[in-house]
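Sharing a structure here in structure tokens format.
First chain written, first letter: the chains are A, B, C, D, E and F, and each begins at residue 1.
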Amino acid sequence: MLTHIDKQGNPSMVDVTEKQVTRRTATARSVVVLPDEVLQHLVNGDLMSKKGPVFQTAVIAGIMAAKKTGELIPLCHPLGMDNCSITIQVNQQQEIVIDCTASITAKTGIEMEALVGASIAALTIYDMCKAMSHDILIKETKLMEKTGGKHDFKRA
Amino acid sequence: MLTHIDKQGNPSMVDVTEKQVTRRTATARSVVVLPDEVLQHLVNGDLMSKKGPVFQTAVIAGIMAAKKTGELIPLCHPLGMDNCSITIQVNQQQEIVIDCTASITAKTGIEMEALVGASIAALTIYDMCKAMSHDILIKETKLMEKTGGKHDFKRA
Amino acid sequence: MLTHIDKQGNPSMVDVTEKQVTRRTATARSVVVLPDEVLQHLVNGDLMSKKGPVFQTAVIAGIMAAKKTGELIPLCHPLGMDNCSITIQVNQQQEIVIDCTASITAKTGIEMEALVGASIAALTIYDMCKAMSHDILIKETKLMEKTGGKHDFKRA
Amino acid sequence: MLTHIDKQGNPSMVDVTEKQVTRRTATARSVVVLPDEVLQHLVNGDLMSKKGPVFQTAVIAGIMAAKKTGELIPLCHPLGMDNCSITIQVNQQQEIVIDCTASITAKTGIEMEALVGASIAALTIYDMCKAMSHDILIKETKLMEKTGGKHDFKRA
Amino acid sequence: MLTHIDKQGNPSMVDVTEKQVTRRTATARSVVVLPDEVLQHLVNGDLMSKKGPVFQTAVIAGIMAAKKTGELIPLCHPLGMDNCSITIQVNQQQEIVIDCTASITAKTGIEMEALVGASIAALTIYDMCKAMSHDILIKETKLMEKTGGKHDFKRA
Amino acid sequence: MLTHIDKQGNPSMVDVTEKQVTRRTATARSVVVLPDEVLQHLVNGDLMSKKGPVFQTAVIAGIMAAKKTGELIPLCHPLGMDNCSITIQVNQQQEIVIDCTASITAKTGIEMEALVGASIAALTIYDMCKAMSHDILIKETKLMEKTGGKHDFKRA
């Protein structure tokens, strides 16, 4: 069943009144593929220092966007957050891997916050590199893990 | 060169004072892959009528998010918009294809608006389907085309 | 006494520190009167299917605005929400009746959220119909019921 | 025709690319009816001085909300504003009459801004008086006049 | 140690999962120095009545901004608020003294909310007086007191 | 005259309909004084690299806040921006000097944007250092220069 559609077919929030307050966490990932020449600029700047401005700007943008999730996703509950952190790494295929982990003590989960944080961090990298090339691909965005709700989830 | 980094290595906006006001358009795409059983629910509801609530909610969320691009992407210029539209279709591989087209008459391009619109529409579909499964993948997000700036772009 | 005015005559929030956390609900209503020819378009489209785009867009806009209440009404407390739902019906006088119900478990009530949700849903209907006529009237907006605070309220 | 619905029945913005930049104005009105005992408090405070805090808070809230119109109404264009002013008076029936006038030099009209400004000013008065009574009615909200678009409008 | 920097040197929120929910308060102050001729206008208008529009507008702007703290300061937690009040006085040196006090029952403190509230109130006074002179100085902004966290603080 | 107060003593925007579109710039400064032990941490981290995370986070927060000026300052016009940049330096008195420069081609000036950008950058530094000490002072915030309006201004 689509939980966000009411009996008349209209969109609606999910009533969480009776749900239990538990500690909940979620981790989401976005992967960005840059053309070689763009990646080279980042490697010579950002990656070596691990605190160059592109990745740091993306980290901040992602955290700030995660806090806005309830404003962006129409039927999400407005939530606080106990924590939100984003790490950005380059994997062996030279892809940029963004992981956003969020946690909260609340009646409802925080996976949309993690997904929004990872997505906006990826789009911020896009924005800061696009003057060099538009051949940039946000290759995938997905939930990696969640805990604390009715069912835990861990991507195989 | 990374245009959003100033000489001291700090993040900065790109000065558009001297740029010309032209009509600019951009189209971006996000592709969402749902597990079969979730897709079936959508097909029996949303897809047949082409105006069921999941896709319409996603369209509205995407348009509203596109208008917030300057607030989400740290170094984007705050812009108006002449138009923004989102279409959602299911392709032959049973993937959900979201296309967001935005246009403006301004000094700077609107590709980030199109990318944010497509991304948040995709995340809204995720949000509305996630009670059935978290095995959902936003398979890719990318720019398809832009016109009106220094260089036009059209993905091959 | 005007609770939002302090002893010096300045606007101020109401201190809820000592209030009890209880479950609180509120329902508000806005009624929109459209000229006949506009209503006819809606009836032939939206109303029959009960999920046409005008009413669904209004439902989503209202829910999203209800979440922004603390940002719009200067002295409202910033609140989460356990639930928010909006129904739109046409009554026997051919008026569009929008009911917004919100609930929360908190120290303070949620009637402003319900009123903002109903009002913005009404204004969204206005916006989507105004190309046909500006002879549209939001005939009334009022609280129908509230529970969970010091005094329950139910409109006679 | 419903201009905000595309050919597939999806909600969409109206493309204003080809529209002319003209000076446009709009005035909207909301009328609030308070129970006698509440009105008395306002008369003895706010109304006599004409700058008491309830009405001034409502004026500010309305202006700030008018600036957020593009964020609240899903298919509104994001716009600047050349001016926005709100007046609040008590008419002979002892009703509170809120008039919001907005103007802009742009491709599209500003009537939704005026309507949002008047509505949120009315809801702010509601919020500041509701501790005394919930028997408050926002009796009507409507456009009074608009100029500068394809068709001027003036309510009879 | 800089608590907002993680081990890799990236900005991050502080994890408050394990912190205790306590009642927390904070008071911050901004001091504005206006040129004599501007101050005179205020004194003859605002100060005597104690509810003139400049100071009241500043009070409202400050309270509304305090509610937006989590949106403005990148690594602040999104928080509710039990109360927020702002007082504005003129001291013996003819300086405008703005005190913002905020309180919450939560896992983390509310001093940034108080500081943002005082700062935006000060900038609002600036905005409303700047047509007369730009020789305006926000002389200082600082925390005066906080209670309820690990360490109380009171400025000597 | 207080330009933001109308004839009835109510707050109002300034009507810019008849003003000319010109290129306008503004630079504002905030100065932050940190206790020695906090400054030492920054010097050993941020200052030497000139791109350490505290200052970069502050730069991004300031730019993003400058874009929100119309939302924070009640009677400011909502504006775009052609450019916004923030530099942070340590002067000979070991004070942190934040300069925010904004520019626009519009009917009204951009000094509030520069002031908001500098202020929020200063408060972000405060937020990231406050775990070490609350003995932090935002020593002053002021306009340094503006061009393009009726009168240019340059602080002596």
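Rule of thumb we're sticking to: contacts are C-beta pairs under 8 Å (C-beta built on N, C-alpha and C of every residue); 3 or more make two chains touch, one makes a residue touch a chain.
Chain by chain, the UniProt names read as follows: A, B, C, D, E, F = cyclic pyranopterin monophosphate synthase.
Not measured: the values here are computed from a predicted model.
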item: Reaching subunit F from subunit C through chains that touch each other, fewest steps; value: 2
item: Subunit D against subunit C, contact positions shared by both copies (same if over half, else different); value: same
item: Inter-centroid spacing, subunit D versus subunit A (mean Cα positions, whole Å); value: 37
item: Inter-chain centre distance, subunit A versus subunit E - centres from mean C-alpha coordinates, in Å; value: 31
item: Per-residue overlap in subunit E, given as positions that touch at least 2 other chains; value: 9-11, 14, 51-53, 56-57, 60-61, 64, 68, 74-75, 79-80
item: Chain contact graph, described as a line, ring, star, complete graph or other shape; value: other
item: Touching pairs among all chains present in the structure; value: A-B, A-C, A-E, A-F, B-C, B-D, B-F, C-D, C-E, D-E, D-F, E-F
item: Sites on subunit B touched by subunit A in the complex; value: 1-5, 9-11, 14, 41, 45, 52-54, 56-57, 60-61, 64-65, 68, 72-76, 111-112, 115-116, 119-120, 122-124, 126-132, 134-143, 146, 153, 155
item: Touching residues on subunit B, where the partner in the complex is subunit D; value: 23, 50-51, 55-56, 59-60, 63-64, 67-68, 79-88, 103, 105
item: Parts of subunit E lying in touch with subunit D, wherever the complex brings them together; value: 49, 51-53, 56-57, 60-61, 64
item: Subunit D partner contacts - residues on subunit F that touch it in the complex; value: 6, 8-17, 70-71, 74-75, 77-80, 107
